[in-house]
Amino acid sequence: MMGSDFKETFMKYVFMFAASLSVISIILIFYFIFEGGLPFILEEGVTNFIFGTEWRPTASNPKFGILPMIVGSIIVTLGAVIVGVPVGIMTSIFMAHFCPPNLYRFAKPAINMMAAIPSIVYGFFALQVFVPISRNLLGGTGMNIVTASVLLGIMILPTIIGLSESSIRAIPRSYYEASVGLGATHERSVMNVVVPAAKSGIISAVILGIGRAIGETMAVILVTGNQPVIPSGLNQGVRTLTTNIVLEMGYASGRHQEALIATAVVLFIFILIINAVFMYIKSREGND
Amino acid sequence: QEGAISVISREDGSGTRGAFVEIVGVVDENDDDMTTQSAAIQNSTNGVMQTVGQDAQAIGYISLGSLDDSVKAVTVDGVEATAENIASEDYPIARPFNVAWSGDLSEVAQDFLNFINSAEGQAVVVEEGYISVDEEAPAYEAAGVEGTVEVVGSTSVSPVMEKLAEEYQALNEGVTVNITANGSSAGMAAAQDGTADIGMASRALDEDEAGALEHQAIALDGIAVIVNNDNPATDLSLDAIRSIFLGEITEWEEAVK
Amino acid sequence: MANTKFKIQDLDFYYGDFQALKGINMDIEEKLVTAFIGPSGCGKSTFLKTLNRMQDLTPGAKVDGLIALDGEDIYQKDYNVNLLRKRVGMVFQHPNPFPKSIYDNIAYGPRTHGISDKHELDNIVETSLKSAAIWDEVKDKLNRNATEISGGQQQRICIARAIANEPEVLLMDEPTSALDPISTGKIEELIDDLKETYTVVIVTHNMQQAARISDKTAFFLTGEVVEFDETEKIFSNPSDERTDDYISGRFG
Amino acid sequence: MANTKFKIQDLDFYYGDFQALKGINMDIEEKLVTAFIGPSGCGKSTFLKTLNRMQDLTPGAKVDGLIALDGEDIYQKDYNVNLLRKRVGMVFQHPNPFPKSIYDNIAYGPRTHGISDKHELDNIVETSLKSAAIWDEVKDKLNRNATEISGGQQQRICIARAIANEPEVLLMDEPTSALDPISTGKIEELIDDLKETYTVVIVTHNMQQAARISDKTAFFLTGEVVEFDETEKIFSNPSDERTDDYISGRFG
Amino acid sequence: MNKGFNWVKFFAWLSAAFTLGMLLFIILFILWNGVPALSLDMFSLKYTTDNVSMMPAIISTLIIILIALLIAVPIGVFTGFYLVEYADRDSKFLPIIRLATDTLAAVPSIVYGLFGMLFFVSSQRLGLGYSHYAGIFTITIMILPLIISSTEEALRSVNDSLRMGSLALGAGQLRTIFTVVLPVAMPGILSGIILAIGRIVGESAALIYTLGSSGQLLQGLSSSGRTLAVHMYVLSQEGFHVKEAYATATILIVIVLLINWLSTVISRKLGTGGK
């Protein structure tokens, strides 16, 4: 009996240690990225770096302004939200309340599978299919904000659908029954009672989708044009924070490389902000 | 061809781009890259080819070794981009493929390097469509070494490096050559900190790198200027190409005179 | 003698292959409280939910026989089910207010049925809450989320919500079983008031409750109605032995 | 007169700041059935769970006072809780068999307490299932998943699972409230058999049940024991007016 | 209210049709481009510049999936145990772990790549070089939050009455967790594992700077290699083997389909409460 007590306590600490590993990991990542990028930002000057509009990293008098990329990330992410969120939420509502069981058996794994298709495949697809369409409709190279937004909008669908479907399903059936019992139609019961009740879960899903959109690289890189310029219209190309890193990382050295790691620092801060919003929403939900 | 030109360029730091802007003169008085900011950027040869291949208005440039019939290379001031014309310096746009290593090269790695610099090695280079750096290279003699060589760096260099490695391994059964293609800088960094035996770069080494590493060119690579197959233009002047990439000429009517 | 509100004839009900109701015949009279009692699993809830066709939502459910509301077959083709559910309101075992404000909970039914005038809605909300004997407790917090009040209050909100639809019949499935004795008392009083205006059908596990509040009582056993009569008669002098056994606690 | 199995003195119990039990004093006697009755929320379950220290699992729970099993304080420091729970078994309101085979359900307790001999386990499984009056129904399907049988059978499997631990006391919290009358009848018979061997403490909502099966009954109200006496006395001639009100259905 | 065109239903169907149609379109696009390029050569054990075989990449992909799961699943599941079964609801450690896992889940893969390069690969730190080790460790951290959150959810959905049932028989907490709770939570954990496999299979940015991209069959975990996604990326880069890149994508899709199918089979087995 003494032995089993020891085992209980010992394993408790093993579990606790396992739990602390993710904290250690995030601290390590945080440390190495900031160690690599923060000195550069301080040297360059926070304002020059964040608000500089010129990116000429290899010039003899190099310019490291990442405002165009910050703007690019924000615009493209916004675009992805405009495309992906309505479709994603409506699809999740479909999956939870409209989908015939026979279709569901096939649709559910299909949507899971969407998440496992490599980004490059999405990129190839968009370059071959979306870019020509976009070029015909909007002119220019076809590699622009709209194309990237549509692509990202599609890529965040599985994240949004998966999470909001499960939060819609988690709403007690009694709400739905009460509404139907008052003579409301199926559609009205779903849209006016069930979906609003799942609001916070859906918002979490959207925020996670936003995180995915900001972090996506290998696909967008092929279809955004990647010009480090603040765009003047929707048919202009943009460069995002992530593509800036991936584009040049392989060939950058010295201060150029530091500038790219510093870009990762800014990206990291963006993610932290999104996460803070996420936590805030979750905690409010807890208090409801 | 008429209408606005879609300029497709490579990313800042790319070896192809570095050589292209320098030789074509897409630079200012400080030799700074002045490629128009409205050029769309693709970060691989394939990206440029695919983009140009489907956009009738597009112009771009790629490594000559990668050229296929999905796009069309234009002649520059009437000269076609071929190995002979590059070797004879009639065709002006070319760049070196470099390898670099830190002082103490392992025995196997040294032997592999010897192979690259040998007649056999340079024959591979030529066969793959690149230009040899040494026409009179000595013949290679297998030294019977064994071990592993780690080669890291430029994506552009790696296809020819893979060929070289294959030929070499055929002659030296006991050697494995691992090639990782993730960029010239990654290669130089790996060579400096010992992660790699040999680094590959498709650009000139910068000051720090050149100070820390020994390096040499193993081949010359032509850079072809490409347009869409539907584009009737077959020849562009070096001046026109320069103006296009500087953003001074934006319409095809002005470019093709 | 009161009018017949619901006329049920030879009603069979199946969950897939399982027959949960067997040959039910019953007349439910207007403006009376009818109670259904019987041991767990005997089919009380099942029967209740056939009356407003909530069973349509159960996959595999099948109804055979006649249920007529005011003489009209509610299972006939093209019958307007939404209108039926407006006319036949329902209160569930566990209070299930929507996670919306108290006001929006009450206004939900009227809005569903096309009322959008603010003034009219205000009126409906006030009268319904008053009828459900909860107006005084919530009148100052109509914007409060309805899930943040006590269980007893929630159940009265649900009753008010049903009343706001101006139903003719009110079905209640063990409405007090999740509540404390004080809330239960309030709801029992309320049911007594409601029968002035509505026809009430209530399922209860608690025989004392049935005795206290109902006019007529039906005793169910394994999907059949064993006895259906005046409540007084059922509890003082049942004609069936099984009824007697059940109400005197010999089983269940 | 029987021996005292549990001695409870001045027991107070708190959920955080809320006092759920107030000054309970009670002697639970060996090999008798003791029933706890009272309206919902009065503390019956709370009290029951202090007897095998299941309340240790409730965050913020606090116990004050003495509970002694065979004269030994079960809340003393370093008291072996796992052994206590082996000696004081428990059956819950909703049948909660593990989603394992029937055999593994019954063998779970013995295996936990160190028995691994196949033959011995076979024996225990058989006797326990027999004691729980379910052997005949399941003897041919011991490999069947225990969640795939009827609710009443599940509950008897849970009782058998508790018995397999050879406990001295069996605590039951409304063990029949989720069951149909026939299953309920079987379990009541079973309890009657069990008291030959075990001390049984049972919480029930059903006063008839308490009257039928228990030797002594405690009536709880808002955390206090109003009356604790011979069952016959409680149901025929209670000394406290509130007990009388409750058992005659005037509230609750 | 009941008359007129049903917009909600219309848009729900339309959105689902768009989503599924898009997926179908992408898959057809890949198959169209990839199937004609498939050849037996592409599955020979030895990679050469002529056959650009994906066999070494398939093997590396499977090895990386296996080892990354071997590391991440116990850590993730144990973390889930801690979060659900041990930590007090108001423990201070809890929000910290949650913050950490939420942030890990949101870190872009390129940042993982940079981190892996700076920490695992670089000789100034762990000095693992471009290797399976470095790739596996990086990807392990990446999938950890997926495993943790699905385990946590699965454990929380296990009815407390089962825990109570076990504890009331005198079983300790460990025994309760491993013999009663874990089996019930298994399907949920499994679906997290499937998501994690999908993430590994689809990843390239984080691996190019850690695993490297050697096309050769691995000689050990300390040698560099490539997964199928990286293989595709490298093949496509210089425009020499674009068709083969699509062929690789085809195989990748087939593998993803297989994994999905396998998981439904397994969770159906588990779902019926294994005997």
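Order as written gives the chain letters A, B, C, D and E; numbering starts at 1 within each chain.
Just so we're on the same page, contacts are C-beta pairs under 8 Å (C-beta built on N, C-alpha and C of every residue); 3 or more make two chains touch, one makes a residue touch a chain.
Only a predicted model underlies this, so the values are computations on that prediction, with no experimental measurement involved.
Relative to the C-alpha centre of chain D, the farthest chain centre belongs to B.
Two chains share more touching C-beta pairs than any other pair, namely A-E.
Between chain A and chain E, the centres computed from C-alpha atoms are 17 Å apart.
Chain B has its Cα centroid 35 Å from the Cα centroid of chain A.
Separating the centre of chain B from that of chain D, both taken as means of CA atoms, is a distance of 82 Å. One simple way to say how far apart two chains are is to compare their mean CA positions; for chain A and chain D this gives 53 Å. Residue positions of chain B touching 2 or more other chains, listed in rising order: 50, 155, 182, 186. Shown for chain A are the residues that touch two or more other chains, namely 4, 128, 185, 188, 246, 249. Counting partner chains per residue, chain C has residues 82, 112-113 touching two or more of them. Taken in their complex, chain E has these residues touching chain D: 88-89, 159, 161-162, 164-172, 175, 179-180, 183-184, 272-273, 275.
Of all the residues in chain B, the ones that touch chain E in their complex are 44-46, 49-50, 62-63, 65-66, 68, 148, 150, 152, 155-156, 158-159, 162-163, 166, 176, 178-182, 186, 190, 193-196.
Contacts from chain E toward chain A in the complex involve residues 1-2, 6, 8-9, 11-16, 18-20, 22-23, 25-26, 29-30, 74-76, 78-79, 81-83, 85-87, 93, 96-112, 114-115, 118-119, 141, 144-145, 148, 172-174, 194-195, 197-199, 201-205, 209, 229, 232-233, 236, 245-246, 249, 252-253, 256-257, 259-261, 264.
Remark: chain D residues 52, 54, 57, 59, 82-86, 89-90, 92, 94, 96-101, 108-109, 112-113, 143, 145, 147-148, 158, 161-162, 165 touch chain E in the complex. Across the complex, chain A is touched by residues 4, 6, 8, 11-15, 18, 30-33, 37-43, 47, 50-51, 54-55, 57-58, 154-155, 182-186, 188-189, 203, 206, 208-209 of chain B.
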